[in-house]
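Both complexes shown next keep subunit A, but they swap its partner, so subunit B is in the first and subunit C is in the second.
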Partner chain A sequence: MFIARFLARRLLQGALIVFLVSAVIFTLLRVVPGDPVRLMAGGMAPEALIEQIAEEMGLRDPIYQQFGRYVWGIVQGDLGQSFVRPASGAAVGGASFDDNTRSERAEVWDLIAQTAPMTVQLALLSMLFALIIAVPIGVWGGLRPGRFPDKLALYLSSIFVSLPNFWLGIVLALLLSVKLKLLPAIGYGGFAYTILPAIVLAIEIAPFIIRTLTVSVAGVMRENFIDIAAVRGLTRNQIIFRHALRNSSVPLLNLLGVQFSMLLGGVLVIEFIFDYPGLGLLTINAVMQRDFPLIQGIAIVTAAAFVLINIVVDLCATAIDPRLEY
Partner chain B sequence: MMTDPSSPVAPLLSVRNLTVVAQSEGVSRTILHDISFDLKPRQILSVIGESGSGKTVLARALVGWMAPQLKITTGEILFKGRDLIRDKSFASGLAGREIAYIGGNPAGALDPTMTVGAQLVEKLRAVRPEISGKDAQAKAIRLLEAVKIPSAASRFHEYPFQYSGGMMQRAMIVDALISDPALLIADNITQPLDVTVAAQILKLMRELNEEFSTAILFICSSLPVACDAGNEVMVLHAGEVVERQASSDLVAEPQHGYTRALITELPTLWANGKDGRDDRQDRNRQAIMSVRGVAKFYETRGKAGKAVVQAVRNVEFDVFPGDNFGIVGESGCGKSSLMRLLTGLERPDAGSIIFEGEDVGTASPARLRQLRRRFQLVLQDPFGSLPPQSSIGDIVEEPLKIHGIGTKKERQDRARAALNEVGLGDRFYDLLPTGLSAGQRQRLQVARAMVLEPRLLIMDETLSALDQTEQGKLLDLFSRLQAQHGFTYIFISHDLTMVRQVCSRIAVMYLGETVEVAPNERMFFDPGHPYTRALLSAAPTLEERRYRPEDCLLEGEPPSPIDLPPGCAFAGRCPHAFDRCYRENPALVSRGDQALAACFLLNATSTAKATADA
Partner chain C sequence: MSIQDMTSDLPVPRKDRKIAARIWSEAYAAIEFKIGLAVFSALVLAAIFYPMFSGIDPTKMAISSKLLPPLFMGEGWSWARPLGTDQLGRDMLSRSLVGLRYSLLIGISTTILMVAVGAMVGLFSGYFGGKVDTILMRLTDAQLAIPMIILAITILGVSRPTIPAIILVLGLSGWPIYARVMRSSVMSVRKKEFVRGAMVLGATDWRIMFTLILPLVLPPIAFVAVLDIARMMIFESVLGFLGLGVQPPTPTFGNIIADGRKYLLNAWWIATMPGVFLVLTLTSINLMGSSLERARNSIYGGA
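Let's turn to the complex of A and B:
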């Protein structure tokens, strides 16, 4: 009963958020300079042809009309077609105006559906690596505030957070792929290609997790019920693993939700460096090609993912701490 | 039977020459000095001491829960003959199993994210792993029933935040007793509870002592409670045991000067005869504050959807110039919500609050600010209610600045004068409030309130955070200020002895309603409402009680203000309730001589009298 009402309310809110995001993106894309038709048709195409194509595609209609058409399409599950990419799968569309492959442009939905699983795989793996690095360090630091483990946690996260990810990516690729030949680095040809970018991303996220955990574990350890637990006869392991960690996991959960959403939406630099065929790389190319429908599609899908992840995080947090239902 | 000195029973707990020292920044201070005492099996020993006497340190030293800066320098704590200080593994094996501890703050004592039941089972199985989960659950539910938690089997699955303070303390008693310990250390367990609930907890503890034959070390700061709880009382003063006697002998023939002072200082409810501060004001003049049918509702959203909390339902009283008006009631009765309404911090949903002819409830914000010059509020918490970064002088000047009164020089002079009047001299003017004691902070709050020269001061539990001696000093200050400035006071309090000493007229609140409004002596010697009698019966005092708890109060706690039953809100706990009480809600009726009460029994008796007269 509670869950049904909670889901109904949150999904409605989410739909509103996604609608607003798409409205903003749609408007912004149409007011920035740069004519996509010129890019599509090629620099040599005559002005009249460009106007004709633009008219045909409805790009000269008022923005609200274009947006109405677009939203109607989304409701029917149609994110539109890429301006640039042909269905054949080539990365960049025809260079000249009379290229006949242009008529079979790729569906945006298909483009996203092909790349999103790659990004999800990368995001999940980097999350896993980050947790493996951060949880022991963070918890240890939180249990001994002000002492060596706490300082270690602080210094380590300072180092991690100040490593630029593009630099770290390149250095690790040089070290692990080129010199030691342990891991493949560029492109995608199997699961092994995900490991290196995931490590780089994990090191980027880990400091936030370490910091959150040290602070929240240290906070929980000062609580009255932890002090009293030993007097009540609980063992130290019970106190730490059943009570302290459980109570400090709610802030961590919220952080993980935000981090995961960010990983899904914007690992642009890392995917670009490693030429990893995920959503990030797709976004970069779409932006460079002024591929409006694709940019919009990615924005809407990531916004929806963001909303869903937040709902899941809040449900998990409520399951851990029932006071949050109120 | 348990205190027979000739009995050859070996002591269960035997503390010998225990000395505890606090070390901070190279300075060491003795907290406990050379403490020695014995506790026999099944005995209840009360330990009493004021704050700072080291009683909590003693309790925690016994269970091995010491702050890092505290060190036991000499002495031994023998449990069944073995020393807990030297034999650490023996001590930790006993924790929670043979030696149980209950603290004074039940609110934070359990993990908020796990059900109470799961934690009781977890504790029992941690100390007695041989018990199966099923048996542990059965035992926990049985004990929850024994401490009179209503519908224990379903409450077992609820979370700590769903328990009230009184229920949580009962749950902690279950937590302590579930492993059948030989010794229970109860550190100030009734302090955070309301008097009626505290009285129930004490009764319960004595019953459990007989039923489960647990020895109890009962530590508290109130002499009446200590004498009530234990067979013997040990008095702790400045870290030393000054005397130990059977409860009745201690009051009759105190041996040590400190105990004697403690007993003489203790304010009484009835012992000094009927005269209280019952100075009557002329009730034919205009009242300074007149409250009529005031109500306030809050909407909450819970699991079951929206609910309306009826915080204040029907409050009526008049305060006349020169009155010391008291508002008493237990926590959750709507005292604080009422304070927010009286001071215009919130608007009532019904009724009117007339202050000197103007309605505070409907005044415009600008008008309200002007009115506030003439009525001021002094809050309960001495630490949270003063800005830590402002100097004491600035704090007192601020109200003058807000109301745009005087030049800078004049404001400073008035602030200094106000500070001097409350007993904070010139040297405090430029200091920050950080170093002030709780009593000094309350003086500062009074100075801040009176610098505007108001006509009415509303004191919301202003004295609750202070100990007995400091309370007395502030009360003297209040009456001096009243004589000099003609203040009228409204004291909002849960402390009946304070109200008995100070107030001329008292309103009793129960679940958002004024159930009785009466002059001081009438209220203490001839209360008109059964709830007032219940409150008086539960008040901690050494005197012969005029009202016995057994006659006046049924078990249980006030119902939640969310789903109030129809009829009289007190009916469920009232020993005299009859049919009509469950159907209709009685209104305040006059009992003559300026006393009012809301109870059908009054109508019944007065009608009975009337028929007898006729």
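Let's turn to the complex of A and C:
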């Protein structure tokens, strides 16, 4: 019963947030300069034709009317159609103005559904790598506050957090892919193509995990129950794994919820560098092509993902630590 | 544990020293802070003076000396071009240092804007409570859910990215965290005796907020904001890399690296060398920032 009430409340709040996000993005896209029809029809298209297309697509109606239509579509599960991408897949923007009848354009929902799994694969693999890098460093640092391991954690996380993802991506591609020929880097042709982007993303995430772990493990180790556990005859390893790690996993989960947007930014840039066909690359292309429906669709889907992930995080946190209440 | 510790998480500062001075001196005691400060100062001085005194124009092209490698790296290097030249013969060292100027300018002003907006929202929210608080905090939540990177590249992608536009867009992306932290500090200070005393004496809300509460709660937050300067500098370079930052011919880390990517196979230094500068600067800022953060945490107790 508690779970049901919790879920109902959070989902309702989440729906409100997603609605606000879509309203903001929708309005912004129509207020900032840059006419998408000009881009769709091409630079050579006559002004009258542009006006005609814009009129037909309803782009000259007041913003609230356009938004109303859009929201009505979403409620029915329709995110609209891309401005520039034909359903066949190839993205061509603004070459000519007399083809591309509206019915042939790709559905925004399909575009997102096709690319999202690739991004999820990348995100999960990089999360795994990040944990492999960060957990040993972070826990060790937390067990010896103020000593060498703690300093090491501080230095390493300061360096990791200072490596811009796009630069690191280029350097690693140059070293591992071009010079040593260990891993493929550009495009996608199988699972191996996910590894290098995932390493770069992992290094971007790792410092936050290291810092959170160092602080929370150090905090837990000061608690009375740790001393008592030693008296109860638990070995040091048992204490670390049963008490310290378990208690530190809650802040770690919260971190995942809070840093979601940072992860998203990282994905965007990394997919762009490695030409990895995921949601991030789709987003950048959508922005470059002023593909309003696609940008809106992506923003709504990511905001919804943010809301859902935070709900799941809170549920998991209560499962791990029953003292927490939401 | 004294009564004071039990009733609050914010100790009243000792009378003889300001809270800011205490955080600063505690951080300064750490070796990593001094290393960071030394490296950072050296880089800033170089960025200010090298392009000025070397007399090398970072935008001047010299096709005859294009694609020269850095010192000791292959054919044709020279002391006059310590980091080599790019595909148009422009000097990489002075380009990197001019890029550093823009990076610092945008990083610092963005952070100031971010802290200012967040602090104001948090101050009003925490001080007045009630409806004001509810509205401001819902606004903050919504802002946190907006994928800011998408918003930023959308706005800068469709309008011409000028320096003020970049600062504004980045600055408006990071304030919610400051609003939250500020709000909780203000709420705990607000219950203190000296604030209630001021209210009884008839001080206006305005006066209490800005002369009593703000000077007490802002410094610890502002010090930790140093870390965000580095974050915003990365953000700026990402925008530049995507072609949405300060536009060429002005050199920025982002656009130099994006350019150099095309020549990666025959001139690796164009894309990698400016990054080394950026990484050194960011590491030095992060070392200082985390020392300040640790100092603050140790003074306030807890994380």
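Criterion: the second predicted complex is superposed on the first by the 311 of 326 C-alpha atoms of A that agree within 3 Å, B and C clash if a C-alpha of one lies under 4 Å from a C-alpha of the other, contacts with A are read in each partner's own complex, and residues count from 1 in each chain.
One rule holds for everything that comes next: contacts are C-beta pairs under 8 Å (C-beta built on N, C-alpha and C of every residue); 3 or more make two chains touch, one makes a residue touch a chain.
Because the structure is a prediction, the values reported are computed rather than measured.
A.B. asks: Examine A:163 and indicate which partner it touches, taking first as subunit B and second as subunit C; both and neither are also allowed.
C.D. replies: second
A.B. asks: By residue count, is subunit A touched more by subunit B or by subunit C?
C.D. replies: C
A.B. asks: Looking at the overlay, does A:208 come into contact with subunit B only (first), subunit C only (second), both, or neither?
C.D. replies: Neither partner.
A.B. asks: Answer with first, second, both or neither: which of subunit B and subunit C does A:83 touch in the superposed model?
C.D. replies: neither
A.B. asks: Taking the superposition as given, does A:274 touch the first partner, subunit B, the second, subunit C, both, or neither?
C.D. replies: A:274 contacts neither subunit B nor subunit C.
A.B. asks: Taking the superposition on A as described, I'd like to know which of subunit B and subunit C A:232 touches: first, second, both or neither.
C.D. replies: In the superposed model, A:232 contacts subunit B only, not subunit C.
A.B. asks: Does subunit B (first) or subunit C (second) touch A:28, or do both, or does neither?
C.D. replies: second
A.B. asks: Who does A:154 touch here: subunit B (first), subunit C (second), both, or neither?
C.D. replies: After superposition on chain A, A:154 lies in contact with subunit C alone.
A.B. asks: Overlap of the subunit B and subunit C footprints on subunit A, residue-wise?
C.D. replies: None.
A.B. asks: Taking the touch rule as given, give the residues of subunit B at its contact with subunit A in the complex, in rising order.
C.D. replies: My answer: residues 63-65, 95-97, 100-101, 103, 105, 108-114, 122-123, 126-127, 159, 161, 175-176, 179, 301-303.
A.B. asks: Okay, in this complex, where on subunit C does subunit A touch?
C.D. replies: Those residues of subunit C that touch subunit A are 32, 141-142, 144-151, 153-155, 157-159, 230, 234-235, 237-238, 241-242, 253-254, 257, 261, 264-265, 268, 271-272, 275, 278-279, 282-283, 285-287, 290, 302-303.
A.B. asks: Can you name the residues of subunit A that touch subunit C in the complex?
C.D. replies: For subunit A paired with subunit C, touching residues are 17-18, 20-21, 24-25, 28-29, 32-34, 151, 154-155, 157-159, 161-167, 170-171, 173-174, 178, 215-216, 219, 261, 264-265, 268-269, 272, 283-284, 287-288, 290, 295, 298-299, 302-303, 306-307.
A.B. asks: Would you tell me which residues of subunit A are touching subunit B in their complex?
C.D. replies: Touch residues, subunit A against subunit B: 2, 223-225, 227-235, 238, 242-243, 246-247, 320-323, 325-326.
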